[in-house]
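Note that the chains take the letters A, B, C, D, E and F in the order they are written out, and that residue 1 is the start of every chain.
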Amino acid sequence: MQVAADEPDFGNLQVAITGIPMDLGVTNRPGSRFGPRALRAIERIGPYNHVLATAPVFDLRVADIGDVPFQSRYRLELSHDDIEKRMRQIVDAGVAPLSVGGDHSISHPILKAIGRQQPVGLIHIDAHCDTSGAFDQTKFHHGGPFRNAVLDGALDPTRTIQIGIRGSAEYLWEFSYASGMTVIHAEEISGMGIAAVIAKAKSIVGDGPTYLSFDIDSLDPSFAPGTGTPEVGGLTTREVLELIRGLKGINLVGGDVVEVAPQYDATTNTAHAAAQVLFEILSLMVFSPSVGER
Amino acid sequence: MQVAADEPDFGNLQVAITGIPMDLGVTNRPGSRFGPRALRAIERIGPYNHVLATAPVFDLRVADIGDVPFQSRYRLELSHDDIEKRMRQIVDAGVAPLSVGGDHSISHPILKAIGRQQPVGLIHIDAHCDTSGAFDQTKFHHGGPFRNAVLDGALDPTRTIQIGIRGSAEYLWEFSYASGMTVIHAEEISGMGIAAVIAKAKSIVGDGPTYLSFDIDSLDPSFAPGTGTPEVGGLTTREVLELIRGLKGINLVGGDVVEVAPQYDATTNTAHAAAQVLFEILSLMVFSPSVGER
Amino acid sequence: MQVAADEPDFGNLQVAITGIPMDLGVTNRPGSRFGPRALRAIERIGPYNHVLATAPVFDLRVADIGDVPFQSRYRLELSHDDIEKRMRQIVDAGVAPLSVGGDHSISHPILKAIGRQQPVGLIHIDAHCDTSGAFDQTKFHHGGPFRNAVLDGALDPTRTIQIGIRGSAEYLWEFSYASGMTVIHAEEISGMGIAAVIAKAKSIVGDGPTYLSFDIDSLDPSFAPGTGTPEVGGLTTREVLELIRGLKGINLVGGDVVEVAPQYDATTNTAHAAAQVLFEILSLMVFSPSVGER
Amino acid sequence: MQVAADEPDFGNLQVAITGIPMDLGVTNRPGSRFGPRALRAIERIGPYNHVLATAPVFDLRVADIGDVPFQSRYRLELSHDDIEKRMRQIVDAGVAPLSVGGDHSISHPILKAIGRQQPVGLIHIDAHCDTSGAFDQTKFHHGGPFRNAVLDGALDPTRTIQIGIRGSAEYLWEFSYASGMTVIHAEEISGMGIAAVIAKAKSIVGDGPTYLSFDIDSLDPSFAPGTGTPEVGGLTTREVLELIRGLKGINLVGGDVVEVAPQYDATTNTAHAAAQVLFEILSLMVFSPSVGER
Amino acid sequence: MQVAADEPDFGNLQVAITGIPMDLGVTNRPGSRFGPRALRAIERIGPYNHVLATAPVFDLRVADIGDVPFQSRYRLELSHDDIEKRMRQIVDAGVAPLSVGGDHSISHPILKAIGRQQPVGLIHIDAHCDTSGAFDQTKFHHGGPFRNAVLDGALDPTRTIQIGIRGSAEYLWEFSYASGMTVIHAEEISGMGIAAVIAKAKSIVGDGPTYLSFDIDSLDPSFAPGTGTPEVGGLTTREVLELIRGLKGINLVGGDVVEVAPQYDATTNTAHAAAQVLFEILSLMVFSPSVGER
Amino acid sequence: MQVAADEPDFGNLQVAITGIPMDLGVTNRPGSRFGPRALRAIERIGPYNHVLATAPVFDLRVADIGDVPFQSRYRLELSHDDIEKRMRQIVDAGVAPLSVGGDHSISHPILKAIGRQQPVGLIHIDAHCDTSGAFDQTKFHHGGPFRNAVLDGALDPTRTIQIGIRGSAEYLWEFSYASGMTVIHAEEISGMGIAAVIAKAKSIVGDGPTYLSFDIDSLDPSFAPGTGTPEVGGLTTREVLELIRGLKGINLVGGDVVEVAPQYDATTNTAHAAAQVLFEILSLMVFSPSVGER
């Protein structure tokens, strides 16, 4: 596995793929610290995306720049500092970050770097809203990154849509509603159809800079058992691919794929699905005004 | 695991959750005797059902009263007697039984207790009709509980709907048709849509007392590999959740979730799905005239 | 497991089921050499197909005639010779071959035997077009059987439809388009619906003699993890069953089920799905003019 | 899998291998009903035993005569009757039975058939003595076959040695000591060495007719996880092979290998070890005065 | 699972079994936070230890008092405080603590509580010495508890023996040698024999108060795959049982079983072995002057 | 994974570690083509070998030079040519090759390169002698490399010892005896002890140049399930480590670790054991006159 130097040369990259092997923010089953490793072991993804008609590794200047270097494997908040530092380097170099978690708490320091100048919009595909508050003496756990990002002024809740939400913790996510986020539950999707979800997402985020955060537990556990907090009744891979591909043209400024825990992934289906989604987000970046024009 | 006393105090419960760890009625792969244990190990289900807008463990007086005590682990019919005895205690106390199997043969003694005064209606979600006759010197196997219940006067076949039926044993289930049950095959559901299935189910059972029996093999094996007689081409978890939630308001007097065999459930997805369904049925009970008003 | 004699007596069979335990043509993960063994271990499929209203093992004179005898387990092209020889024996005896792979390269020698007199049509359900050219010093790998069959005059590309195509190798399959095959991608199926796919397939193959080749990787990996080149975003078992059953009445002259690699099939779901599909194809043969009338 | 006719023709066999797929006698995890199937799937055992210098399938007239036909899959005692009936047929034909369980309760009806004329001696390799009394309304469970056989006059306890005993149920097996059996615990074997165990076994059983019963849970669970009642601290495969081979020349009149539960055997190591032990026992039969001279 | 109250009533216990579900100190694979849960799911251990001739749950006043309550699941050092607090309560009540980890870092706060008045001796069975220094900004990781305990004056290194040591990190453990600990490597054990190891251990710890810490990775990974830092070439379960039982009579004041990570324990063999070892340590306590005489 | 250039710069290496991902020579289960990948994924081996007192990656100039480049994944003999070509490059550069298979057939072309000037001696640790003749139209399968090497004049059979032999194919290996090889069966090792095996091995190979070939199936399947032709009754990891370490000082000129098939290695124990053995062989090279003195 690549080991990132302290001062990586992002050269003239348009997109920097970064591993963030940190799962100190989980509430339940750990393991996503090995997510980057699991995705790097998946072969046979790419080069050509025939739906989006791009071969992104040829159409973009993109590279895997290795993992975020951590000062300690034992400190949640310090790890967030390390992530933010690396993300600032990437963003300041004018490069779009595409990250592989790690638990979902990593999206908070990423958004702090990306949304430092102005809050960004968000397309968030997940089983959980991840907008709950402090818990067990910290607010930096994986159940709260988007609340934190809003409160830090890095994320615009009115330009945020959360898709695939389900499970039994709705009462923890009132911040989503209170702050003006749009929430589409998993059970609404059968009736709406993916085309309507796409249309809604596009209308919410508009033309502004937008981040895409994909939690693998948005998929039903039959497609993605290898994760820490599975919820039955989720999306199919075909729905997710249709959804992401339908976002072609949005002004994507970064993205992540998180919560792949290979310990629970006997068939490697989870890592495989995650790698495909990573490829799809990378493909979207070819068509993003913020990325493609550089 | 809880061990039920011989004379449990049902106190003023509205719903009694009972484990029935008995799989002596299987035709093929044993293992569902460990179903209750598998479901009790699942965490992260509940407390809030945001679709049905209830937190059933708060909205109902409900408890896990432990497993049915069996006189012998070697006797199918004697075990049925033990089940019926315990179920009578529950029903006679005015409590709605919600059971976790165990193989599907357990539904027969449960129905005998519930339908003792008058036959009940049935919403039966399964890959198999389970209305076949005697076989291998017994009629009490897991392929026949609903035939037995009709013949015992405990189940009203004209108020019975069987949903998700498939596989290659249709010729064994002529009793379903002969007795007037309504059968919806798995392959019909794509075309009908779940909303139509719900409407049909509601029209069949009407306002009368109704039992809900959920066999985990109604789900496709990709969602629920951990069962004894899997059949490909089954329901998705999202369809099942939509279906059950759509039954809000029916006059539910009891229910069960059966045939979870954890030996074949490498990812625990099967137990997880079963636990979620159990939670959904419990949620329905909040809105059942027979349960909620007590 | 049955061992075929060098000169099997096909007697007056209508359909000969043959195992072809050969995976020397794989590009990636080997293992489908054990596919026939895996399918033979699946029980509980049949006898009755209630959708097609046939019990094919009663309605047809059909038998498992064992595996193709191979001269060597180390020679791809020689194995193809062995397959073609056995298939010629079957076809020359007026028997329809129904084969279980093995990797998809086996379809080439099968088609050479079946299409010797005149090119046949093809319904090809797969994640990959399998029409790419020579590679690694051979054109007989599992990525090219249908290109080879067209070039050998055994397959009519204008009567060929490929269903379920996806993945990232579209650029390898220009032969499909150049030769006039019809390609339906996996992502088109949600929108079209299976009924339209069936109609399209029937219109393409018409009344002429038609072969049905089913690659298990057409299914999404959640349904069929046990295969060598899985691609996320695939078909469901319910879609596949509806699709195949919808072909009732086509002039089927043979079929195969390929690429089941049991090493990657922890739950046996893959072998189970494959055995069900085999049963469905066999059921179709009851209604095929070429088979049923013998 | 072979299906035995009601009246199999044992012809002039010396040894009849019989599957006994019955596990109704288990106290804990079911599954050994699939033991015969699991062993038949193991290949690559034999033909030559270079330690014992025999190729038993050539040196003996031996065949797999299929499974014991059962009247019902639901009746423990009735199944024992079926086993005893088939075993009587075998024994009365002068054939030595070599059986594959199934749970250990099957040894009781087997011994009843073999020891009908005179009680036999026993070499019993197991983690448990299996000499406990009635329980849960039956004495025919898998924890008591050797007590039952002694009380029925079919087994001579003074010519019985039990090897590999351990676990926490010693208090249940006082019958072993009271009746005069010799017990060698697993923890004694490191100190004694296998040679001494062999010598002890030979001195106990002497020249008289002797049965060999091998419970796969005699092996440590690291070698044989696929069983119903594993006990850590067990024998190694190398010890077991040395032990059994060391018995060359004893007057073996029958044997069994029991308690293989493939549901718990992720690597198939358990079935593999069991098949090797079956082969070793068969090899011993070449040198048994009772078998070899026929 | 039991949930411990903040102020549990240790009543007149002699031994308190405590779960410590904390793995924030791991260097590599997390997961042992679920160790207590995994051990509680193991049944069929006990009641009788026939080698030590005791049924410890009858011979001692012992109970599972539940898990250590943690203030946060995100703080390593704070969790150590929580552990030490609970252990002080136990020790101050005159009760011997028997703990189930959790990662090995938990032994440090346990020893701080036990050795507060005077340093204790230690029998430490492990693949690793766990005496390395600060790393990644903390010294409280699972590679250093015994160094920490010595430096805190809670552990007497001259009365410490470490058994089963191996792997490639010997250079990290110079503290063991420098402080006067006795180290027996795994590769020495074949030659020494367990009896000599026992004698050495007894001579090192003498009659003084002694703690026994058992890391499941002392076992070879074939016996215990379910752990975070496996090392090939380890002990067998039979050796470990002989070793621990051979310590009968030492002045045991507490013990632990750590590092069981059920995510990596497909067969549950690891949890099973750990539960057996827990039972053996509990059995030793019957004969400990410090425990038995109370 | 590293990809070797066509003309790698071996610089001034002493040892070149090479992956040989080729399994076209297997007789049974394929999969060892992924052996190099599996070993490269194992971490936590090294740096220090405290028994041999060396940190070989510091004490030697050693590097992983990537995989042998193959012209085709479909040609056994051509692959052997590719292997021999690369091995000649390594040997001609005065570098000792340490290879990771792949199936055991790779040892033949390796030995052809190493023994080109003069035949070498061999320490061969394996369950099988691998000296059988042509089969299925080739002699280059994985059952015959050492016969081939002797007949090619690259291997001196009188300086060859084969350790761990067992299974049922002894009759295929008469070449071992006829040519003067020394064979130590697995069942002899318990009695001899490893020290005697080491002494025997050293006396056979003497001071001359010697190759060490380690087949992972020498280990018992409980230690190494992930291989193509497992045989019960094998060596333990502790025995293997003691054996290899005992060879310190032999004149090692190359080595290999073969037959790791990760598809069958659910726990990764097999790859882990193989990586440890690779490390031990590398450690031996520090002390080899042929390697160390360069």
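Everything that follows uses one rule, which is that a residue touches a chain if its C-beta (ideal position, glycine included) is under 8 Å from a C-beta of that chain, and two chains touch if they have at least 3 such contacts.
Since we're looking at a predicted model, the values are computed, not measured.
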{"item": "Topological distance between subunit B and subunit F, in contact steps", "value": "2"}
{"item": "Copies subunit E and subunit F - rotation angle from C-alpha fit, nearest 5 degrees", "value": "120"}
{"item": "Residue-number overlap at the subunit D/subunit E interface, same or different (half cut)", "value": "different"}
{"item": "Centre distance in Å when subunit C and subunit F are each reduced to the mean of their C-alpha atoms", "value": "40"}
{"item": "Distance between chain centroids, defined by C-alpha means - subunit C, subunit D (Å)", "value": "44"}
{"item": "For subunit F, residues that touch 2 or more chains besides their own", "value": "220, 222, 236, 264, 266"}
{"item": "Partner subunit D, residues of subunit B touching it in the complex", "value": "23-25, 27, 29-31, 33-34, 71-76, 78, 136-138, 140-141, 263-264"}
{"item": "Contact set on subunit D toward subunit F in their complex", "value": "43-51, 194, 220, 222-223, 236-239, 241-242, 245, 266-267, 269, 272-273, 276, 279"}
{"item": "Sites on subunit E touched by subunit F in the complex", "value": "28, 167-171, 185-187, 190, 220-222, 225, 229-230, 232-234, 236, 264, 266"}
